[in-house]
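Below are structures written as structure tokens.
Look for chain A in each of the two complexes below; its partner is chain B in the first and chain C in the second.
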Partner chain A sequence: MFFPLFFKECRQIAKSLVYYLYLIILVLFLTSQLSDGDWSDRLTEPKPGQESYGFKESEDETLIMESTLAELVRETDWNSYATYPFMFYKEVTLNDSELAEIEQILFECTGKSFEQLLDEMDAHFSGYDQSTMEGAPISGQTFLVEPAEDLTFEEFQNAMKRVCGIIGKGSAFEPEKLTASEPKTYEDALEDYRALCEKDKVTGAYMRLFCDYAGIMLVILPIFLGATRCLRDKRADAQQVIYARAASSLQVVGSRYLANLFMAFLPVVLIAFLLQSPYLYLARTNGVAPDVLAFLKYSVGWLLPTLMVTLALSFVLTELIGNVFAVILQVFWSFACIALETSLVGEFGFHLEPRWNTVGNTQSFFAQLGQLAINRLFYLLLAILLFGLTVLIFDRKRKGGVFWHGKNSKSRG
Partner chain B sequence: METGIEIKNLSKQFGKKQALSDVNLTIERGMFGLLGPNGAGKTTLMKIITTLTKKSSGEVRICGIPVEECKRVRQITGYLPQDFSMYGNMNAYEALDYLAVLSGMEKEERKKLVPEMLEKVNLTEQKRTKVRAMSGGMKRRLGIAQAIIHNPKVIVVDEPTAGLDPEERVRFRNLLCEVAKDRVVILSTHIVGDIEATCERIAVLNNGSIIFDGTVSGLLKLAEGKVYSAEVSTMELPKLREKYQITGMLTNGSLTHVKMIAQTKPLPEAKACAPDVEDAYMYLMQQGGVC
Partner chain C sequence: MERIVRAGVSFLKSSYIPHLLFTFLFCLASGGLMSFRNLDERQAAQVMEMYVTFAGILLLTPLFLPEGNREIWQLEKSKEMPMWQLYLPRVLTALVVMAALVSIFPLIMKQGGGTFDYGRLWLGAFVEMLFLGSIGFAVSAITNQTVLGYMLAVIYYAVNMGGGKYLGKFALFQMMKGSYGFIVPMAVSACVLMVGSVLLRER
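Our next item is the complex of A and B:
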């Protein structure tokens, strides 16, 4: 009974308007976010004596303080602070008293007045033509602000906490996000190149970025697929006639859930395959053997648990609540999940949508792979648990069970 | 009883509301009518039989199977709910095929039976018509097809003719009689005409209790000598209505021919007449019931 039901469900989904909206949004979002990127440099083996090997994240506390203070001076000068409170850009503008507070913090951290700091910045940038960037110093030799001699890193972090209190959450001044970049050495560059070719086999690195963007969509879009399916019986007034059939609740809910999962996942895998194709070509033309199946490995390992949980939660909430409030509730939950992400790269923890908003960083990724595996396993189990709950709720409703948002049917006779 | 339904001391409560109270019924093969006013508890009883509502107490056995064994009971019952509908974007064939799959039927079986059932309910020409585009009558016919496609031993039909035009109603009653030949069909309705035309055995439910259980002739017997007809002035009608239950009238100018229920002769010119099922039902409801 299961497979005929499964195929009938798939057929019904393929006829649904919500599914086509899902496809359109998914395709447009992913292709717009992932369509560019020149990789030819990355696939060329670094040679000793090159002018630059790119940059890497620095752990040097002094450099972090210098770089962060410079950024704070720049943004204060423009009175325009970049924040990402819900992972989306928001410009913050401060009033005079707030600006004065920031200037005071800068004074405490540098021992210099804001005017002195502006003079330093002007002197630095006057060294080249800012409209053509001709003669511009490469990053790493960029504008830095020296901290006060006696300023410890902890004191600096506390000062940045105060800055965040003024401009709000999601800025580059969050104490746990403070960072700076420094030039890579030849050895660093060679190590990265080898990791990209040997561990990531080129396509793996790109697929992580794909998973980062696709994951955002898969935390939100499947809600509508799940809710549509669960509300369909009620909307068609077909609940009783379906409930009275011999099929078990596991077969009914299972076929619906798996059909939605299959139909939602299929385009993700296809898009992953298509977007991976140019990198297969690029790798081969550069003499590197790519991982042809990276699109499948990353889609299944990284994205499938996210999709499973989102869909299962949509099923359980819609079966339980039985109306559009289930959708509203889950949309809030999804946005909260995205908003609670603390890092755009790694630090997976138990975040529903593991982020890796960069190409490469292979060494760092493989160092965190265990953490990611635990995260994905947790969500896989959570999805199974939520699915089981949906089956129980459906079964209870079939037997006349009553939930707080009303009976599943009316008795009129 | 392996071919019928046995209900013993069945009660059902929804919170403080007693929907069914100590119901006892034995239903055998053939058409069985369940009559009662709206809110009497008919749908609740139907839902308990079809496993869609849990009973509070008592015992219900469907062809010997306790109603608690949902899966087994569902395999041998077919249900046509009061407001039967299916997914609007499915056509008649798809809807019937989908419900047949949910009843556990194999592909070959469905391939043979779905067209047969559509033929039986006269929907062959409309097999590609979407459910959303079907008339009330077509939907009910599709409803009866889905209720019998898996060859159940028991069919429960809840208010099947409400909202149908007279022609559709007659056609539907005939269809029900046809399918009742070798199985139990429970017809729940508040339309007396449906029962009169199709059922030999009936039960009357009121306020959650069975107030009559027997044959149609038994019900008619109850009202014998209690139904009178008379020709009265139309002006007198309101006064007459206050005193007696009027079950029928035909106005002809200033005179009206009335049929009424009364314990004794209501008017000197009134004549006792043979009751029909509607008269008997009205008499029973007025009396509060005798089992």
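Our next item is the complex of A and C:
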């Protein structure tokens, strides 16, 4: 009973307009985003004496103070402070008296007036070409403000607490969030390159970037596939006919869910395979044996749980609410999930869409792999739970139970 | 006239209230997500363009919701009352709510010490909201699937976050860059999309 239902669902999906829109948007987005960058320089061995080897995170307290003060000077100059009070980005602008308080804190921490600090900042940034792709980020990362000689780290943390009191919650100045980055040495870069060749076998590094972009789309697009499927019976006035069929609720909902999952995931795997191909060639020309199956490992391990949860939530909400309103609720949930991402590279936590917006940083990735595995396992279980809930709701409606805007509702999709 | 009002009230009661309530909650949530203090022209535009204009999708896309059921649509078409008279009160309700939102938000920002041109911000935000909503409205009208209306309008909004440069005068978030040249082309396009959609439903 299951397989005929499954194949019938697949055929229906293949005929639906929503599915073709899903394909078009997915292909356009991924090819446009991934054709922009030329990452081949990351895949060449670093040479001694290069101008820059990139940056790495640092725990040096002096560097943290210098980097944080530099950020505070810049944001105070713009009068625009980035905060994440409810984990969403919120720009805070201060009035004159609040700005004066921040300038006073800067004076206490550095022993310099705000005008002096601005002059130093202008002098630093004028040394870089801000219009180039390289100049802008490097000038930002290398701008540091020296703290006063007698300032201890504890006093600095207290000063930052005062800054947070003025700006509000969720800024980068909260004592527990203070971080800094420092330039990588030649040895660091060489070690990274070797890890990229030996652990990632080149293709793995590129597939992480693919997953980063594909994940964004898989948090949004499957909502519409799921909602369309759940509302189709209602649009066709076929609910009673479906409810009366011999197949169990698990078979009906399971075949629908798995068919949508299969049809949504298939193009993702195919695009991953196609986009990986040039990197197979690049790896071989560099004398590295590439991981040919990286596209499959990353698609399944990284992207499938995201797709499963998005689709399962779409199923459960649409089945529960019974109309198109479910779509808009989930769109907000999806935007919230994307907005919750505070880091573009790593720090997976329990984010639905793990980000890795770079090629390489292999050692850092493998150090965080355990965290990623827990994250993915969590979402896999959540998807199964949501799917189970959908089956229960469907079964209850089938047996004549009334749900919110469910079977007996007059609302329409 | 009475028939038109009755049709509007019926739509409001049967289908539109949850969408209005959700829009209201969406606006209430802005207090936690956005700062309204001491905003200049660019920052005020950011609040309006990145947040408030999204309400256009919430308000205009579901206006053909009842006709998602073909039987209802056929029944409505068989009646003497032209379809545009059925849609007029729905569109007017949405436009009034949109105008109210676009009026209230800049007032709150002005009270918070904002320094910007109220009229210009109002006009720009209203046109952007109308244009964004008209995409969902038109797609829903053409396909008779509200899900598709939401899908394309949401995708259009998302594309503008990174790919606005490809959309020329039809790119969202232009006020944040100090550009107001989009107002006329966007307003005209929104009107064409909305009027065209209603005419299409008449056929």
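Quick note on the criterion: the second predicted complex is superposed on the first by the 263 of 413 C-alpha atoms of A that agree within 3 Å, B and C clash if a C-alpha of one lies under 4 Å from a C-alpha of the other, contacts with A are read in each partner's own complex, and residues count from 1 in each chain.
Methods note: a residue touches a chain if its C-beta (ideal position, glycine included) is under 8 Å from a C-beta of that chain, and two chains touch if they have at least 3 such contacts.
Because the structure is a prediction, the values reported are computed rather than measured.
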Residues of chain A touched, compared between chain B and chain C (which is higher): C
Which of chain B and chain C A:245 touches, first, second, both or neither: first
First (chain B), second (chain C), both or neither touched by A:12: first
First, second, both or neither for A:23, with chain B first and chain C second: neither
Partner chain in contact with A:325 - chain B first, chain C second, else both or neither: second
Touching partner for A:1 - first (chain B), second (chain C), both, neither: first
Partner chain in contact with A:237 - chain B first, chain C second, else both or neither: both
Touching partner for A:399 - first (chain B), second (chain C), both, neither: first
Where chain A meets both chain C and chain B, residue numbers: 237, 411-413
Residue numbers on chain C that touch chain A, as the complex places them: 14-15, 18-19, 22, 26, 32-35, 37-40, 43, 46, 57-58, 62, 65-66, 68-72, 113, 143, 145-148, 150-152, 154-155, 158, 163
List of chain A residues in touch with chain C within their complex: 17-18, 21, 25, 32, 79-80, 83, 85-86, 88, 90-95, 220-221, 224, 227-228, 231, 235, 237, 323-325, 327-329, 331-332, 410-413
List of chain B residues in touch with chain A within their complex: 14, 19, 36, 38-47, 50-54, 70-71, 74-75, 77, 79-90, 97-99, 101-104, 107, 131, 143, 146, 150, 158-159, 188
Chain A residues within the chain B interface of the complex: 1, 4-5, 8, 12, 15, 232, 236-238, 240-248, 252, 398-400, 409, 411-413
